[in-house]
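Next come two complexes built around chain A: one with chain B, the other with chain C.
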Partner chain A sequence: MLDLWLDYKDLWLSGLKVTASLTLLAILLGFVLALPIGVARARNRGLSGVLAYGYVNFFRGMPLLVLLFLVYYGAGEFSRDLRSLGLWWFFRDAYYCGLLALVLNTAAYQAEIIRGSLNGIPSSIREANAALNLTRWTAFRRVLFPIAIARALPGLGNEFILLLKATSLLAIITIFDLMGQARFIFSETFDLRAYYVAALHYLVLVLVLEWFLRRIESRNAWAA
Partner chain B sequence: MTSLALFRLPCAVIMTASLALPAAAETLRIGTEGAYAPFNFVTEDGSLKGFDVDIGNALCAQMQVECEWSAHEWGGIIPALNAKKFDVMVASMAITEKRQEKVRFSSPYYFNAMRFAALKELELDTATPASLEGMVIGTQSGSVAVTVLQEYFPESEIKLYPKLGEAFLDMESGRLDLVLESKFSIGDWMAKGTDCCAFVGEDFLMDGTIGAGIAMRLEDENLQTRIDDALAAIIANGTYDDIRAKYFEFDIRSQPRIVSDLFKG
Partner chain C sequence: MATPLAISIQALDKHYGSFHALKDVTLTVAKGERIVICGPSGSGKSTLIRCINGLEDHQSGSLTVDGVTLTDDAAVLRQVRARAGMVFQHFNLYPHLSVLDNCTLSPTCTLRLDKATARRQAMELLSRVGMADHAGKFPSQLSGGQQQRAAIARSLCMMPDIMLFDEPTSALDPESIGEVLDVMTDLARDGMTMVCVTHEMGFARKAADRIVFMDAGQIVEVNTPETFFAAPETDRARAFINQVIGH
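Presenting the complex of A and B:
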């Protein structure tokens, strides 16, 4: 299998880079989007609650593959309008389209994980905040948020690993990620080992991600 | 292995049972892609149609066997044939040396020449490596066009699609500047009313391409003789030309120019 890797070393490495960068960006941007949605879900009041509920269920209800086709080929249908709006540079690029679909999808799941951990904080802690006369913002920033994140980490880690593997779907919209390269190398060689090589790369990426998550978890451990 | 044998047992019983009922007609399992109009495609009611399908059926009629069709993903169609998911592939596959290591081909049943189609707004009048420098060219992954693009158009950006229809969608939206594929498939797409694009340059064949062949497993030598004989017979009795006329207004059995001859230097 090493020969197959060495023969196409540049392709494998560039695929690895694309998969890793897509995963990392989708995790970070997805988290940024998920945080306010998760908080709104936990609060579950007013317009923000309704919107967050709608967002989560809309995107959890749609298979990522369908979302990907809608974002990529759907945007293609409106290329004229997108051009006149000056947004075509973004939607023309398969990488950006794929990233957008990943972010929209993962944000919905991450938001639910954050909601769960916020709701799971014992009411005694909220009472302590009130007793200390903390403002709502300070209480959230200094107490509730750190606890919620610590509790959310195992669930988030799980989602990040799923997300990493979900990036392989992006190969079908012409992105040369690991899976895209594997498909290409397979079509060149008709050698099924190309997919084993791809699988090993994913395994390595998952192990690296898992190692990072473990480190972050142990730093943020919360005895509650 | 044991579990596999156990699993096969009921299948074998059912198959013998169903074969015993009619007048023991032999069934030829034919695989195709089903996404390569007008050669092979799936209609709205889910049935396979197209030039390949008509040729396959004519061969079955000539050989006096029953055809049983199935559709397979292009990227995995050779492994599917070798895994005995079907026995004969009529899927417009270009005969190449690399593929001949994996499967056995009949004599060519037509020449599937490639041609570029470009966005009209680019106003290209030639399609040479120099004139297409920096342009984005799309094609289907696993097709011979990929090899041509890699070898002769290194200065162009190549995008590969699982299905040709997706490349056409990206032509219409302007993500691609050109598409390189079989002139037949491109012609069929244009005939559906797209006016984004036009053919540029002349049509050509891969080096060493002997045309499109009907593929079977390497060990099926007898089958190849039978297919070749049936093919010669339907060409001789005019059935082939009747089918061809249903799809194309031009001859598809004469040989176009070779790619290295066209783009050398």
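Presenting the complex of A and C:
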């Protein structure tokens, strides 16, 4: 298998880079989007609660592949409108479309994980916040958020790993990530080992991600 | 006009659904006075003390703390909580912060003390409760008694005029109970206005100016410790004391 890797070394490394960058950006942007949605889900009051509920269930209810097609091919239907809005550069690019679909999808799952860990904070902590006169913002930023994220880490880690592997779907919309490169190399060589090589790359990426997550979790020894 | 009263409770009523938790409770606490509230479990002691700083709301009657009458308005609640510090049965320390950070969080964020001042004040209070050596530890690294002493210091860091204790020793082993009661006795000697819900009758006898005995959501008897333990006026209190002291 090493020969297959060496023969196409540049392609594999470029695929690796695309998969890693997609995963990293989708995790980070997804988290930024998920945080307010998760908070709104945890509060579960008023319009924001309804909107967050709608968001989560809309995107959890849609297969990522379907979402991907809707964003990438669907955007073409509106190319004239998107051009006039100055957004066409974004939607004509498969990479951006794929990233957008990943972010919309993972944000729904991450929001639910954040909601669960916020709701799981014992009421004694909220009573301490009240008794110590913390403002709502300070209570959230300094107490509830750090405790919730520490508790959410195992669940978030799971979601990040699923997301990493879900990026392989983007090969279908012409992206040359690891899976895209494997498909290309297979079409050149008809050598099924191309997919084994791709699988090994994913395994290595998952292990690297897991190592990072373990390091972050170990900084929260108090949570034990 | 300034009032010499720290706390004034008038005809307080509280319901949890159909359960009548507090019935027509009237009690005043003078500045500097130490009150121990005792009574059987379910008698409304904790509910009463939690009403005093607005952790529980009430349906009728009035509650005034240092001249501020409680409403459900957030600004009023903040004023009351600034005056009345609370110590909980289960300490309620922040698990993700060191003891020192537990003590400086609200002083820096709420009272807007600068970091150095807040740390100095926290260290003074932590050494007063014998916790200075543990300032860098997380709550999970401490015994129950140590956690409770840290929680008392955290509460004192907010410079309250009144300290409320909600069964502060009920979750502790006998040795830890002693540590915490020593700290509370020291505070009492210092002239802090204190309202303590506790089952520690030794502490009540030693530190209280008055004992409030509650049963079934009502105040049954208010008396000095001497009279309360030697010759209680009500049969209900007598039965309770025989139960508690009897063995």
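Quick notes on this structure:
Here is the rule we use: the second predicted complex is superposed on the first by the 221 of 224 C-alpha atoms of A that agree within 3 Å, B and C clash if a C-alpha of one lies under 4 Å from a C-alpha of the other, contacts with A are read in each partner's own complex, and residues count from 1 in each chain.
Simple rule for what comes next: a residue touches a chain if its C-beta (ideal position, glycine included) is under 8 Å from a C-beta of that chain, and two chains touch if they have at least 3 such contacts.
Note that the structure is a prediction, hence the values are computed from the model and not measured.
Because the two structures share chain A, they can be overlaid on it, and in that overlay chain B and chain C fit beside each other without clashing. Contacts of A:Val143 after superposition: chain C is touched, whereas chain B is not reached.
When the shared chain is aligned, chain B comes close enough to touch A:Gly76, but chain C does not.
By the touch criterion defined above, A:Ile125 reaches chain C but does not reach chain B. Panel annotation: after superposition on the shared chain A, the angle at the CA centre of chain A between chain B and chain C (CA centres) reads 160 degrees, nearest 10. Applying the stated contact rule after C-alpha superposition, one finds that A:Ile172 touches chain B and leaves chain C untouched.
Shared-chain residue A:Leu162: touches no atom of chain B or chain C.
Of the two partner chains, chain B is the only one that A:Phe184 touches; chain C does not reach it. Touch criterion met: A:Leu192 reaches chain B, while chain C stays clear of it. Residue contacts after overlaying the shared chain place A:Arg92 against chain B, while chain C stays out of touching range. With chain A fitted onto itself, chain B and chain C come no nearer than 50 Å, counting C-alpha atoms only.
Put simply, chain A uses no single residue to touch chain B in one complex and chain C in the other. For chain A in complex with chain C, the touching residues are 124-125, 127-128, 130-135, 138, 142-143, 146-147, 150, 220-224.
In the complex of the two chains, the chain B residues touching chain A come out as 75, 78-79, 98-99, 102, 138, 141-142, 146, 159-162, 166, 169-170, 172-175.
Considering their complex, residues 53-55, 77-78, 81-82, 85-86, 88, 90, 92-96, 105-106, 109-110, 138-140, 154-155, 158 of chain C touch chain A. On chain A, the positions that touch chain B within their shared complex are 73, 75-77, 79, 83, 88, 92, 94, 172, 174, 180, 183-184, 186-187, 190, 192.
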